Amino acid sequence: MDIILNLLPHLLNGLALGLLFALIALGFMLIVGVMELINLAHGSLFALGAYVAMTIIDPNLSGYGAFGEWYMGLSLTLRYIIALAFAPVIVAFVGMGLEICMRRTYGKKAEYGLLLTYGAALVLEETIRITWGSAEQVLQIPDAISGAFIAGGMIYSNYRFFAAGFGLVLILVVWLFLEKTPYGSIIKAGAHDSEMVRALGVNLTRLRLLVFGLGAGLSAIAGVVLTPIWGLRPHVGVDVVIPAFLIIVLGGIGSFWGAVIGGILVGLTVGIVGALAPEWSLMSMYILLIIVITFRTRGLLGKKSALEN
Amino acid sequence: MALFEAIHLHKRFGDQVVLEDISLTFEAGQLSGIMGPNGAGKSTCFNVLTGHYKPNAGKVMFEGKDITGLPPRVIAGMGIARSFQLMNLFDEFTVIENILVALPESVAKSFNIGHDIMGNSSATDRAADVLAKVGLTGRELELAGNLPYGERRALEIGVALASEPRLLFLDEPTQGLGADGTARLEELIGELKKTYSIVIIEHDMKFLFGLADTISVIHWGQVIAQGSPDQLRDNEWVRASKIGDAA
Amino acid sequence: MSTSFAKKTPFITRPMIVLFLALGTFPLWGTSVGLYDYLGVEIVIWIIYALGFNLLLGYTGLPSFGHGAFFGVGAYSYGLFQLNVFESVWLAVAAGVVGGAVVAGLVACFISHRRGIYYALMTIAFGQVCWFVSMKWHTVTGGEDGLLNVHRGTLNLLVTDASLKDNADLFYFAFAVLVAVVLILWRLVHSPYGKALQAIRMNQMRAGFVGYNVWLIKWSVFTLSGAIAGLAGGLFAIAQESAYPDVMSLHASGFVVMMTLIGGGFVSFWGPVIGAIVFFVARDFLGSITETWLLWYGLMFMGVIIFKPEGIAGAFQDFVAKRRARVEN
């Protein structure tokens, strides 16, 4: 009984962490589901979103006179909300640019798309390094969601719960979008049947562009929400894209709830292992993946995918 | 003893029963045909016979040995070769390389890294012989991916022949061929049938009636008729479906 | 038969002679064009690594994104053998090969029935596991700092001993290893085994129906490739006088993929060689004019994938084919 009570806070923490992982995986899932493309630039778009948000929240406007003074006079909360709204839009356009580069690889081996996004990840990371420097940076957050509270002898950070709640809401929004809107049905059809999408009179080229933009935007939202927890450095992308990749495969490529369950499973594993042996907490997710994939070829809820060839 | 026997094969995918109860016998030196309407389970049957799928029940015997559920490479090693309906060539190899890699001695030496596969004239001569049999002499150094459709079909059969099989399975060989190509293929298979035991799965009835010694008709996952083309012409089902008229 | 299609594979070819002459004399001319001996050592080591890697990527079509693990295991094996077992360059390098092969062989057991994206992901996962272990297992690996007391040692050449202290001497040793690797791999890719690898890349299912043991071939090529990475890693430990986790990171694993591709590993045996040379020359050349050479290298990589996925070797082959066509007309 004691063990369970002692583990409870870690379970709670793990669950919150799991929602964050699921949030990370959302944009990745959308692109892999619709385009059967592993977007290795996902992590760098995540980082880019966070850096752009950082600049929107706290820009250097000394040369802009009255406008600069007016803008910095706005409350931090307001600037945070502006960042949360606009950073994803900017990153979505970057994602669309990447999609245009991708076009020549369609119809070729799946590895080419993967490699191209790997190159893009490198380029984005280096661009971030040039623009914002290599040092660790801080994304400011409003007072309302900072701070911490104590419950049952453990300290919990407010922001963590805000972020987990945000993750939960965004997961539901994306789910509703996919299930309940006509766009969602087209996107889902695109995942399995590009011919049907064409027959419906949908422009596949534009669909791909939009999906890539949407996926990139979701990565950026995750970046804005998560960097206050994980810190912001140019190579944060790698720390993000690999877990995202892993969660998608764990849950099963092409399955929405698979990704969510995969995220929560990874969060719980990392959380619990973190409580028992903190040194090995990050490695535990790889072990989890190897175990699951060894016994369940296509992940927890996966279907057959063209990516296997 | 029959060369090849399938005994009470049963195959389902999930709840869906594709092969109810199939028993077939193929004799050495004969050309046996399997036919049936689309969706009758022909392809599944073929894949079970050649080891691609494992049956849920029943046995497959080759030369008196039970080969049920053995992996394809083992079945290939025992002397059964197959061609594919959707073409399965090594596209970036030349035509002759496609045959060379399929020769039994290449397979036997697959871990011998000192052996020069292209430098062995007895092997390349044998490969050239195989190509002559399927009418591809003169195309040896062409890339397989660049061949026109009809020649790819021929090479598809050539790759199967390269393993010097004692039983050759051909999966819908006329698929996608025009009347001209089909006529040429009929001639080629007529020639091959003198030296090989062959099983063909086919929906082109005219083609099959012209070549086969015996034909089995599969429908609803069962063998509904079996016999020589002449016997089948009188069969009720064949007459009802009017396919006999075509032949 | 009127015509024979047999074409013997020569043991030594013209590109080999060019490579051996040009690269083998590097210490004699390198410094006079502003290069330095250590660069030669790095290039040779990474050529070995990339050649072994290309057996997987280019020949068998298996994308391994965690190959740095075996390079790193080779480096650690070298260091641990030298520090704890016996003082011998030959045996320690052999330990690197065995280390790479054993770990790769284990990993291969889990992945050899797969291909495509799942293969790529599983190699990433195993690569990350190796990387974590090397960082966290302080007592053996020395943690993030790595093994510090590795030294270059003396090479026993039967009649005489040669110290590897000097970079030029180390270069000649690494180069001799490279010559052996090139000669062996050249035979290998022209053997039935090499053809089987390519056959699996083009059509794995058909290769099985023709009679090849696809699983065993995929397992063995991964293990072999890991052994060669281990060999390169062992040499790297000599060169760096150290073994550390960095070479096992996803980034370092990515470099060997990029090199192999830019060079043209998909279409040529020599692709990885070209790619490794281009990588290091780009690093030094671009690195001397800009801090952010990786940005430009990354852009170049993207350009290659978009416009010429067959890489430099592919572009060269097109050029030769075009010229031949023009001469014939």
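Order of writing sets the labels: A, B and C. Residues in every chain begin at 1.
We adopt the following convention: a contact is a pair of C-beta atoms (placed from the backbone, for glycine too) under 8 Å apart; a residue touches a chain by one contact, two chains touch by 3 or more.
In this text, all values refer to a predicted model and were calculated from it rather than measured experimentally.
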(message) Closest chain to the protein's overall Cα mean, using per-chain Cα means, please.
(response) C
(message) Using C-alpha centres only, name the chain that sits farthest from chain A.
(response) B
(message) With centres defined as the mean C-alpha position, give me the chain A-chain C separation in Å.
(response) 33
(request) Go ahead and note the Å separation of the Cα centroids belonging to chain A and chain B. (result) 50
(request) Could you grab the centroid distance between chain B and chain C? Build each centroid from C-alpha atoms only and quote it in angstrom. (result) 42
(message) Can you tell me which positions in chain A touch chain C when the two form their complex?
(response) 38, 101, 104-105, 108-112, 114-116, 118-120, 122-123, 126-127, 129-130, 238, 242, 245-246, 249, 253, 279-280, 282-283, 286-287, 289-290, 293-294, 297, 305, 307-309
(message) Help me check something: in the complex, which residues belonging to chain C touch chain B?
(response) 1, 3-9, 184, 187-188, 190-196, 198-199, 202-203, 205-214, 217, 220
(request) Within their complex, state which residues of chain B touch chain C. (result) 50, 71-73, 76-77, 81-82, 84, 88-93, 96-97, 100-102, 104, 106-107, 109-121, 123-125, 127-129, 140-141, 159, 162-163
(request) Provide the residue numbers of chain C that touch chain A in the complex, in ascending order. (result) 61, 63, 110, 114-118, 120-122, 124-126, 128-129, 132-133, 136, 250-251, 254, 257-258, 261, 292, 294-295, 297-299, 301-302, 305-307, 309
